[in-house]
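Can you keep this structure in mind? I'll have questions shortly.
Chain IDs A, B, C and D follow the sequence of writing; residue 1 opens each chain.
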Amino acid sequence: MGKGMECSENSQTNMKVIHGEAGYVLEDVPHLTDFLPDLPTFQNPLQFNPAYSVVKQYFVNVDDSVAQKIVVHKDSPRGVHFRRTGPRQKIYFDSDEVHACIVTCGGLCPGLNTVIREIVCGLYHMYGVNKILGIDGGYRGFYAKNTVPLTPKIVDDIHKRGGTILGTSRGGHDTSKIVDSIQDRGINQVYIIGGDGTQKGAAVIFEEIRRRGLKVAVAGIPKTIDNDIPVIDKSFGFDTAVEEAQRAINAAHVEAGSFENGLGVVKLMGRYSGFIAMYATLASRDVDCCLIPESPFYLEGKGGLFEYIEKRLKENGHMVIVIAEGAGLDLLSESFQNTDLKDASGNKLLPDVGLWLSQRIKDYFSGQQKMVINLKHIDPTYMIRAIPGNASDNVYSTLLSHSAVHGAMAGYTGFVVGPVNGRHAMIPFNRITEKQNKVVITDRMWARVLASTNQPSFLNPKDFIEKEEPQTQTQLEDGGKY
Amino acid sequence: MGKGMECSENSQTNMKVIHGEAGYVLEDVPHLTDFLPDLPTFQNPLQFNPAYSVVKQYFVNVDDSVAQKIVVHKDSPRGVHFRRTGPRQKIYFDSDEVHACIVTCGGLCPGLNTVIREIVCGLYHMYGVNKILGIDGGYRGFYAKNTVPLTPKIVDDIHKRGGTILGTSRGGHDTSKIVDSIQDRGINQVYIIGGDGTQKGAAVIFEEIRRRGLKVAVAGIPKTIDNDIPVIDKSFGFDTAVEEAQRAINAAHVEAGSFENGLGVVKLMGRYSGFIAMYATLASRDVDCCLIPESPFYLEGKGGLFEYIEKRLKENGHMVIVIAEGAGLDLLSESFQNTDLKDASGNKLLPDVGLWLSQRIKDYFSGQQKMVINLKHIDPTYMIRAIPGNASDNVYSTLLSHSAVHGAMAGYTGFVVGPVNGRHAMIPFNRITEKQNKVVITDRMWARVLASTNQPSFLNPKDFIEKEEPQTQTQLEDGGKY
Amino acid sequence: MGKGMECSENSQTNMKVIHGEAGYVLEDVPHLTDFLPDLPTFQNPLQFNPAYSVVKQYFVNVDDSVAQKIVVHKDSPRGVHFRRTGPRQKIYFDSDEVHACIVTCGGLCPGLNTVIREIVCGLYHMYGVNKILGIDGGYRGFYAKNTVPLTPKIVDDIHKRGGTILGTSRGGHDTSKIVDSIQDRGINQVYIIGGDGTQKGAAVIFEEIRRRGLKVAVAGIPKTIDNDIPVIDKSFGFDTAVEEAQRAINAAHVEAGSFENGLGVVKLMGRYSGFIAMYATLASRDVDCCLIPESPFYLEGKGGLFEYIEKRLKENGHMVIVIAEGAGLDLLSESFQNTDLKDASGNKLLPDVGLWLSQRIKDYFSGQQKMVINLKHIDPTYMIRAIPGNASDNVYSTLLSHSAVHGAMAGYTGFVVGPVNGRHAMIPFNRITEKQNKVVITDRMWARVLASTNQPSFLNPKDFIEKEEPQTQTQLEDGGKY
Amino acid sequence: MGKGMECSENSQTNMKVIHGEAGYVLEDVPHLTDFLPDLPTFQNPLQFNPAYSVVKQYFVNVDDSVAQKIVVHKDSPRGVHFRRTGPRQKIYFDSDEVHACIVTCGGLCPGLNTVIREIVCGLYHMYGVNKILGIDGGYRGFYAKNTVPLTPKIVDDIHKRGGTILGTSRGGHDTSKIVDSIQDRGINQVYIIGGDGTQKGAAVIFEEIRRRGLKVAVAGIPKTIDNDIPVIDKSFGFDTAVEEAQRAINAAHVEAGSFENGLGVVKLMGRYSGFIAMYATLASRDVDCCLIPESPFYLEGKGGLFEYIEKRLKENGHMVIVIAEGAGLDLLSESFQNTDLKDASGNKLLPDVGLWLSQRIKDYFSGQQKMVINLKHIDPTYMIRAIPGNASDNVYSTLLSHSAVHGAMAGYTGFVVGPVNGRHAMIPFNRITEKQNKVVITDRMWARVLASTNQPSFLNPKDFIEKEEPQTQTQLEDGGKY
């Protein structure tokens, strides 16, 4: 850690915040020496690796930090920074001593296998580590299943396959049993690949490890196909997902265009944020209406969705609607409150927003409107999630994995990795889990979507301004990224 | 027509059946001269076309016929033949006189635009015809909409797009108004692209034209993505559909393999026949169970589907089920008879076999079995229908279109075109519409599927033999094609 | 063999030709009992296989034959037939006794791995055979390399990969050593996957085996991406190749269209026949000129290629030329006769027709014409060969493999398998190797290409008729397939 | 311009450099008011646009700048910044007055049509501009050809097509005639899409416009598929190119793996920099050796390429080499100096590095080594260039275009647009054209490639350090981006 900085550690949130001159702030991540001050260090073996020996200044300066805010004025305060990731001259694990494990949790995402592959290959080729375990089927695999050994040979081809070779699961787990298993098996590096909930779990695991005073580094690789992780530029698999979503939109466009009053409805991923819907709409340009969780809408009456659909069909004869899975959930729960939609066995059917919206539109037009429409609903979710990462996501996933490996080897722990304005950094857990990265409807990208679709904003601008809350994310301070 | 053959025309069915020696039978198609005996003939302009002038024996002999039965013994009767399609030396339309129209009906199918393109280009480039109309939005477009002019320039690029540029529709129409429109507009060649129902409509239109004594040739191009048209080898778009279905099966395979007790259910097209499901299963080999309309199955009890699923999950940890949309409809209607599954507006929800089966499986395992499964349902139907034809279907669609054009120019009418054992022929309407081309479960291809999936046959072989009915289709006489 | 037929065996060519009534001819394949008359027979185990037990008439009648000529007149002689392939009630190998081997020779072709997979799985699942060897690296692998054991588990996923897992090679081999190895290892079924030259080699191996009186069945699976195998409908991998070739043609079309006087030249496979070039041209329709080995052309002077290029560029601004690798070889050898094109090491550079033609065109326009053109040459050959088979080729390859397995198990030998008019048959070696399956320029498909490109025929029709030779192939008798 | 900053304009280079506190530097771009100080301003119509009205803080602060250096220490100087792009409250063109033109120059690149589309749609939808011309066929089109009118309707679908609808060309042009044409036609916004050479031309055009005192804004959109443009994060089309390059590498991998001593050589784009080769190698991981222009190599002797190939073939049986088109040019020119490689017409053949290297390898192994190898050379260049942009490049190209439009409307001129650490900025011409963006072999990405391929570095580390030159690019200061 740099000398001469003021460092305040908030024991409540475990945040290490370091202040410098001219408003410089470093939100630092924990280091093993924070609670194990006497750890020995080792020379990084990378300097003897022929591949890396050609790289001048290969090692990152231990004090390098990455600025979160880069749109500035002359007099702007320098703002928040994160500790840069990358190889350090001094490392805190001897290669022979490392016993790493990898676990994948939550839903599928293109690139998962690449991340696994590159943690294994990175540890092996860069640091000479060869004790690496895979945890089978998510967090519960730590105590409920056998582990699987991972070697470069075993993972050699897996980046060309979708899914995760380790298996995954959602839901509950027992932190104490996990840390017991880590301790009992002698694991000292834990790589956790998963989304919001998973990283919250990782934070708790890290706390328990710290409480027990174990020399175990915990590194998170944030995963969400929805791209709704704050701070970092984007999550792996997102590019691939947007690319593949084009296919469904194209199909909807063709179906809609071939029938009188043809209407294609495409449901895309995005429970809390509409990034995939928004980017796929922009990339495709065949979409007439894009509905996302962040932007409320209403169906009936003046300025509502039904009115817009009717107008488009009359003008154009067909239209395409893209809806993120979390859009309109307020309307949907209203709609289902008073009905008794159950299956043959008496189970309440889960409302799916794509099916729900499709049915509502059909009802509207077959009802009072007496207008024959041809609606086709397409849900490509599982076809998108299951493909392997594209080239761009493959390279990106490699960098993420190597960042995590360098961080853990250098003794950092309790962090997730990710690019901040293009440079990979280590970010404290709480910055990732405290809030969602939302497409804020005041963002310029959202304006671009509205302009490209010509859809109504479904907003009374006056209302909007009143409801507005103070913003805290840099990305939003300047009206979006671009 | 060949001389010296016995010809019997059954006025009831309008079939022209010609008998020859050694059991030779020709099921012929109508010719304009059958009811307009004094029509003049013209020299086929193709003989002056530089492209075609190099072809020796370019013209088809007027008596060429195509054998339907080609697996024979030494003493086999020669069996049924169909009139071969192709250019004739003598034609019954002067190029300047031709006024053609094209209509597409029913659902989308890869290759539709290629068929349209090649009727236009075939008429124009081979016969110098330049009055070609497109009928907008299916049969009703004859009287309810404006027509669109079609030229080689307009259709130049359309084979690279999915859907149909003419628009399509399903359902009712008024034959009399259609023939009025044909007569009023002076149309004398009608090309009708559509499935079973559409060709039945075409047969009625043909009858009405014949009744009115109009010089109008009616040619059908059979269209069904399901491949369930009898007599002909396969329908256009089928290859493309099977190819694209692989994508969904791959996704199901990845999803299933990544979760504990993962189960991927893929619903594919096939209302009355399971060709797409069967071929996609064989091509992919990642499928553990393929359910088709032709092969009944049951869910519960010994030898049932649930038992098989449980067994596979215990052995393998995951499985993939492919189900054709028309499979298990008997079970499904039982299931829905006593329930009251309605949406918010009180409409009875249409049962979808994929969703229904998925729910039944979930209920079964969450119920008595207390087994946690991870089921993912994928329905790629609209994503498959909407893509353009692949290269193979493009070439095939071209040949179909040219066959129809040659037939109509030569004065034949009331026929559909299609390959019989690889050679294109003209087939009377009634042979196409009288029965479905079913994957019969006694076919060897079905045995191959069963062998590849190792699924149970869900059949009591004894029962099966008792229920057996006499078979009439050549394809089945020899236990299938291969 | 059917009783009561006349059978004449020509010992020179080893052909078994059987004559029946009404001009029926069966060109039969050898059977082990022809030279080992006392072989015992066994019950086919398929009748006890649950998957196959549902199939009525599962077994093929031993006398089934497939007609080669199916476009007939009332009085046509019945013509040549081939023995139908498929499972027989009686087989000549006990499952435990079978020791099979598989070898792949020659260039890559999509679907190779599917063929290997399905011979292994077919033998295993249908007949319970589990001694199957892979020969490594083509014919020489029989004596120069170790064999590799093949099981259903090993080949499970290989159909999704391009290439051949067995490796392949071209060129010389020692028949005697191969048969020694077969004898020494106790192999009694030899599956040989390869093209024209390979099947000639197989015929010689078969002769040597017969000479030694070994109970060894030799079955060939014909392989050529070029589709130039006579008698059979098409070769595996061809569909996939045409599909993939579209990609290169599209690229050429875009490049040509973006530059002034843009000219895209695409070289495709086809040493002796232009099937790929012809079908890819027809499927794409973006091609202005298609050059194939069967249709000679000339560059300079009136009616020559240069004149046509100049005309197209002036009219249209750009053009796309597709050339098969064997087209224009006469011109090319003239061109290189007097030059001394050698590389730095003094080796004579092999002339590649695509590069050669591109250079000649550039020279012509930069020379006397002083016309600036933008020529781009694209050679996608290796990118096409190396992809896995598409769904259609996967299913087709499966049928080929099973046909070979059924034939060998039933004691037939010295044959290749393939569909004749859609039905799979066994064909004597000599019918496959004696001549190439050429796109004859008198074929209607070629006329379609000429019509679609509007290119000159480069032929003086008078010359053409004079040079004409008697035709022997059924496919050509009627001016092509369609 | 912000007040109170020191501004020094270097009239030699036309650079406007503004200095602030703590080492803040702004390298600003010209503004029309620099030489036309009395221009009137207008209210930006975007504030009345319904799509944009929902965006809070839609307008960029006129003083916003983007930091080029974001990896910093506590005491780092703030370094170079660029003026941020985006909509300004005040604009310098009335919508009705704008007369824009677009020109594309140089080679093809995925996304070109998207850039054209979005300049047109951005001007039209955001600013109400409807006088937009396309210049046909590159710079010379300004005076040698007719212009083409561009409207949102005309460009609606072009982003789905490869190439450029405007046509393009390379090479010489007459600046004076171009500016005459701009002046004569009354054009006042010039959008120039092209690479290094094109932007140098744009700088000269800008100087001439400034000299003549015209109110004409000149905006450059940097285009290079090679990604070798300095300062900006990456160029459009690069992602798509790397994705598509995978296809060729996969084919090479399959071909190499199917033959004994199989060797696949893939030539990829990259005249001066090896980004595509490097990223494609990393994404694919099937590559054994990656050769790029920035890293010299030698063929013969100890540590040379031939030795490495021999070693890999002996160990592994096959290998894949990726070579960028500009790699090894030094060796190649040596090689060709003394030979006389000419074609039939006496033209010196252009040396292609892929063909050259392939021949050298063949010579080596057929020569002294007497080792039979199977080498396949694949050059996918034109198949990569000609495809349309993928989703990621489509969105990126949109942002680039809108950035250019906002900049020009706000009166900035003589700039190119591009993202700097993820935020779009305006960059003075000279920063883009002065030097190439090279993969410096001291970069960590290059180390990753070396580690992934295990290839030798072909470097004597001692030599390397001696030859080292002072570095000026931020990207390199910290050992690369990640």
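One rule holds in what follows: a contact is a pair of C-beta atoms (placed from the backbone, for glycine too) under 8 Å apart; a residue touches a chain by one contact, two chains touch by 3 or more.
As the structure is a prediction and not an experimental result, all values here were calculated from the model.
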{"item": "Chain of greatest Cα-centre distance to chain A", "value": "C"}
{"item": "Matching chain pair for B-C (criterion: over half of the contact pairs shared, by residue number), options C-D, A-B or A-D", "value": "A-D"}
{"item": "Inter-chain centre distance, chain C versus chain D - centres from mean C-alpha coordinates, in Å", "value": "45"}
{"item": "Centre-of-Cα separation between chain D and chain B, whole angstrom", "value": "50"}
{"item": "Contact graph of the chains (line, ring, star, complete, other)", "value": "ring"}
{"item": "Residue ranges of chain D touching chain C (in the complex, touch as defined)", "value": "108, 137, 161-164, 167-169, 247-248, 250-255, 257-260, 264, 335-336, 338-339, 341-345, 347, 349, 359-360, 363, 367, 376-380, 382-383, 385-387"}
{"item": "Complex contacts: residues of chain B adjacent to chain C", "value": "2, 4-5, 20-22, 24, 26, 49-58, 60-61, 63-67, 70-75, 78, 81, 84-86, 121, 125-126, 156, 159, 233, 239, 242-243, 245-246, 279-280, 282-285, 390-392, 394-395, 398-399, 402-403, 419, 421-424, 441-444, 446-448, 450-452, 454, 456-457, 459, 461, 464, 468, 478-482"}
